[in-house]
Amino acid sequence: MSESKKTFVITRFDPDKDEVPKTQEYEIPVHEDWKVLDAINFIKDEVDPTISHRWSCRMAVCGSCGMMVNGEPKLTCKTRLSDYGDRVIVEPLANFPVIRDLVSELDGFMEKFQAVKPWVIRAKEEAGAVSASNPPKSSKGTFVQSAAELAEFKQFSLCINCMLCYAACPVVANEPEFLGPAAIALGHRYNLDSRDQGLDERNEVFRGEGTVFSCSFANECSEVCPKNVDPAAAVNQAKFGAVIDWATSLVLPRPGASKEGGK
Amino acid sequence: MRHFLLRIEPVIWLLFGQGLLIGTMLLTGWVLVVGIGVPLGLIDPAALSFDRAHALGSNIIGRLVLAALIVLPLWKGAHHLRHLSIDFRGAERDVVVAPILYGIATVASLLGVLAVARL
Amino acid sequence: MAGPAHPKAMTPSKPGRTRTAPPQMPASWWSHPRIRTYLLFDATGLVYLLLGLVALRVIWALGAGPEVWDATLASLSSPLYVAFHVIGLVSVIFVGVRFFSFFPKSQPPRIGPAKPPPQPVILAGLYVAWIGVTVLFGLILAGRIF
Amino acid sequence: MVEVSRHDIIIVGGGAAGLRAAIAAAEADPSASIALVSKVYPMRSHTVSAEGGAAGVAREDDNFEMHGQDTVKGSDFLGDQDVIQYFVEQAPKELALLENWGCPWSRNDDGSVATRAFGGMTVKRTWYAADKVGFHMLHTLFQHSMQFENIVRYDEYFVSKLLVEDGACRGVAALDIRTGDMHAIVGRAVILATGGAGKIFPFTTNGMIKTGDGMALAYRAGVPLKDMEFVQYHPTGLPGTGILITEATRGEGGHLKNSEGERFLVEYDYGVGQKAELGPRDMISRASILEMEAGRGIQGSYGEYVHLDLTHLGEEKIMSRLPMVRELCKIYAGMDPVHQPIPVRPVVHYMMGGVDTDIDGATTLPGLYAAGEVACVSLNGANRLGSNSLTECLVFGARAGLHSLEFAKGSAAGSDDGLRAQAEEEAARVDALRGRKKGGEKIAAIRHEMTSAMESGCGVFRRQESMGAAVEALVQLKGRVSDLRLEDDSKVFNTEVIAALELHNMLDVAEVVAVSAHHRKESRGAHTCRDFERRDDQNYLYHTLCYHDPSGPRLDKKDVTLGRWEPVERKY
């Protein structure tokens, strides 16, 4: 394993001490097969334990280690250090308030995520509906779903909530109400699921406050997404769905049907 | 205002989308011939003589095509400019910018329909 | 150059439990080629708006009689107009190429029972339509047919 | 002053077990207030990394009897058979329930849920969603849980102490990582669902958060830890990082090969018989190590390894069934399994042991429940079968949720003042730790010494002597840890304090593992002692209990619940 040295320029911010974020430089030896996260962990363990950052799985699936690396949102446990030169600039995710150092505020996303109702909505009248207290009687108590129906939404269910897309999207940066790529993709994921009946409810959210139409198809979200979710596709498909929903609501006004979640 | 903008969003988006799709397709030929070919003398100006042009434009298909040619790009333009404004820290001024842009597009669209109607 | 984002970007509705530093836009905002392309794409809005207005002026003239029509056509030969239309042509092609490449994936996998064709087919269809419309419309305008 | 918030049930952990418990309780009683406390946002919980699948009888050619038999045999007869019986009966219902909630299970041609083969299972009964099963299960559960208004989340709160009053567990002291303030979250019952403790070893499939906190919390509150000597090594981890290459690779037909290119499980007798690559994990891990010892390993920059060969499966199958494996190999091993064999070696994966609970998830401390990997309900015995644990989280998470609700209804809430006082004591402990510059020991250094002690003492193959050395090393490290030096004196998002608290927890858990292992003078399941190579049902067919005692861990025994499956020699 050959070793070389690299300098890391890391954003530091402690709300109790600092007015504004500043940067701090660390020169450390790095292994050639390290990811960016390995270097940050090395600094935390061996050089400066006062750095705060989030990480856990180190296998690109928990979604906690997103940061800006040389200005681009990256999943740091997946990003090879060898792709960078001698100076690597690591900042907290763009477009989010910063709690401390490399840690950004995610509660805003959690609210938007919840707003799109990311769960299977079934018509309430359905007799003997399955619930936690009335589980299926056996493995047969499942919906029939063809591989093709699964394929329709599968891609959009792969989102790990890493927030890289939010850090890249120019509309997220400037339009605080915008639901944003991942939240819309996850809502759309349920709209496309053959088991779901909540289309109307979600379309109301999509068309209302936080409108999906704010997206200007910058496509940056899909460029940076580490899981190939292609949220830009989801957002723009959702616009399409919202327009159809709006058009049908003109022709066939829904007498409160949407409130009961049925169709 | 914001609420109103949210309500009309689907219509705007439809017009904008068609501006991108149909507008782009129609504009390509239009600009090539009317904007560049004829003025530069690459195409015989006789093709756009008043009589021929009027005959082409005043039948029903001609009217529809010309109306689309005028109206759709306006909405593509207005909507994209609104986005551009938002992209430059424009969320607050949007309640002013959007009505102005959509206002221009609306007035020009009405004039466009009128222009086609009186052919 | 990273700049501040909207101060409320991605801010929760409940007040934060600790003071936070305001959100910043990505450093790539200006320097990144992809972002520049995107901004250019949005900026073609101005060109489209003007192209629409010019078209309005021309068609209006067509309804105003032969004299006005001829004068209007003549004015289009001014260098300013020609330059504008050259920019217009470049913009239209740029918009078409970018938008059509995105268009297929923005089609839902299913509208009710109907399924759109596979994405490459949609893309090919768009280009065929684009070239077809341009040739047809162009030839008609240029007096080669009808 | 410490803030007090009140709920009915407090669930510590937002992984599969915690979420399933929360949903169960929230739905059963919409008027009950459920606190869901987690040190990371729930979707970051390590359940997210599970790849292969979740077991539950689904096919016509399968039945509960067979699933039970496989599990008992896999456990090397240390599993409690009443628990196993209940588990196999509930498993398909729970998995079907998850399907109803939107989990994107892979499908058969007729639209029914597909199942795959897994190690130690005689029939294809492992439900899967490609090879991102834990990810999909966790996100389905979390997203489903969002609709319940009576689930109140405490995201990024680190629980550092159980609050016990009048002999019952009445809440937790939780450090708000965001503000650095201690909170008393109090109620009528507490469920621990904090997952495993793989991080006490250097080379593990577990993420950074799996530090055994819940085990240490219960242990220090006087609840025994059970069967902690049984640590599962997964045969196929990537050298260096320890990232897991799922057992589903073998379920789908992958082969393990040595440096000669031989399928060593077929060529040599390692006890797995006809099952070959589909044998149980303990046996295959031992086989891999023995191959290396016999000089048939392959040398790499991160030590010796063997090969996991998928090349004969073809690109199409790999992409449809094992896309994540390919992605992981490309990023973390720099190779493509479609064309090359994957370098793998045994890696610490799962804790069979945990907080001692009964079948309801109840511990010996009234009001305290545990479920998931943190608990030892004695489903897994001495060796867990792959894909049983995700289902375990659902089955026993749900049961613990419902039983804790019952308990809560009949129990008094603790006193604000008394519990606050306890939390304040805890706050003082943490405050003293924060920015403790007078110390001399580094967190990273102690952690490193602890993990190497565990590896050399409690690895795949153990010796009385090596385990004894590990115990001694841990006692010594526990002494040194009181002299930690911490540099970060900020209150906001101070991850150094968290690391210190986790280190304390890991040392406690590691010590229990080493002590429990040292006492078990036989070889059973994952516990392989070279000094006693045979299983000894005469003297050791019991669960090990380990109690916290000021003078050091104190061991005790608990009977195994046998039943229809009599212990016999474990041969495949």
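Which chain is which? They are A, B, C and D, in the order written, and residues in each are numbered from 1.
We adopt the following convention: a residue touches a chain if its C-beta (ideal position, glycine included) is under 8 Å from a C-beta of that chain, and two chains touch if they have at least 3 such contacts.
On a predicted model such as this, the values are computed, not experimentally measured, just so you know.
Chain centroids computed from C-alpha atoms place A closest to the centre of all protein C-alpha atoms shown.
Contact tally for C-D versus B-C: the pair with more C-beta pairs in contact is B-C.
For this pair, chain C with chain D, the centres built from the Cα atoms lie 54 Å apart. Look at where the CA atoms of chain B average out and do the same for chain C: the two points lie 11 Å apart. Averaged C-alpha coordinates put the centre of chain B at 62 Å from the centre of chain D. Averaged C-alpha coordinates give centres for chain A and chain C that are 28 Å from one another. Within chain C, the positions touching two or more other chains are listed as 6, 18, 42. Along chain B, residues 80, 83, 87, 89, 91 each make contact with two or more other chains.
Residue positions 15, 99, 107, 110, 170, 173-176, 216, 239 of chain A each touch two or more of the other chains.
Working note: touching chain pairs come out as A-B, A-C, A-D, B-C, C-D.
Contacts from chain A toward chain B in the complex involve residues 170-171, 173-177, 207-209, 211, 213-214, 216, 239, 242-243, 246-247. Put simply, chain A touches chain D in their complex at residues 1, 14-17, 33, 44-46, 48-50, 52-64, 78, 99-101, 103, 106-107, 110, 113-114, 117-120, 130-133, 135-147, 149-150, 153-154, 157-158, 160-161, 186, 190, 193, 195-196. Against chain B, the residues of chain C that register as touching in their complex are 6, 39, 41-56, 58-60, 62-63, 65-66, 69-70, 73, 76-77, 81-82, 84-86, 88-89, 92-93, 95-96, 99, 103, 129-130, 133-138, 140-144, 146.
On the side of chain C, the complex with chain A involves touching residues 2, 5-6, 8-14, 16, 18-29, 31-32, 34-35, 38, 42, 102, 105-111. Looking at the complex, you find that chain C touches chain D at residues 17-18.
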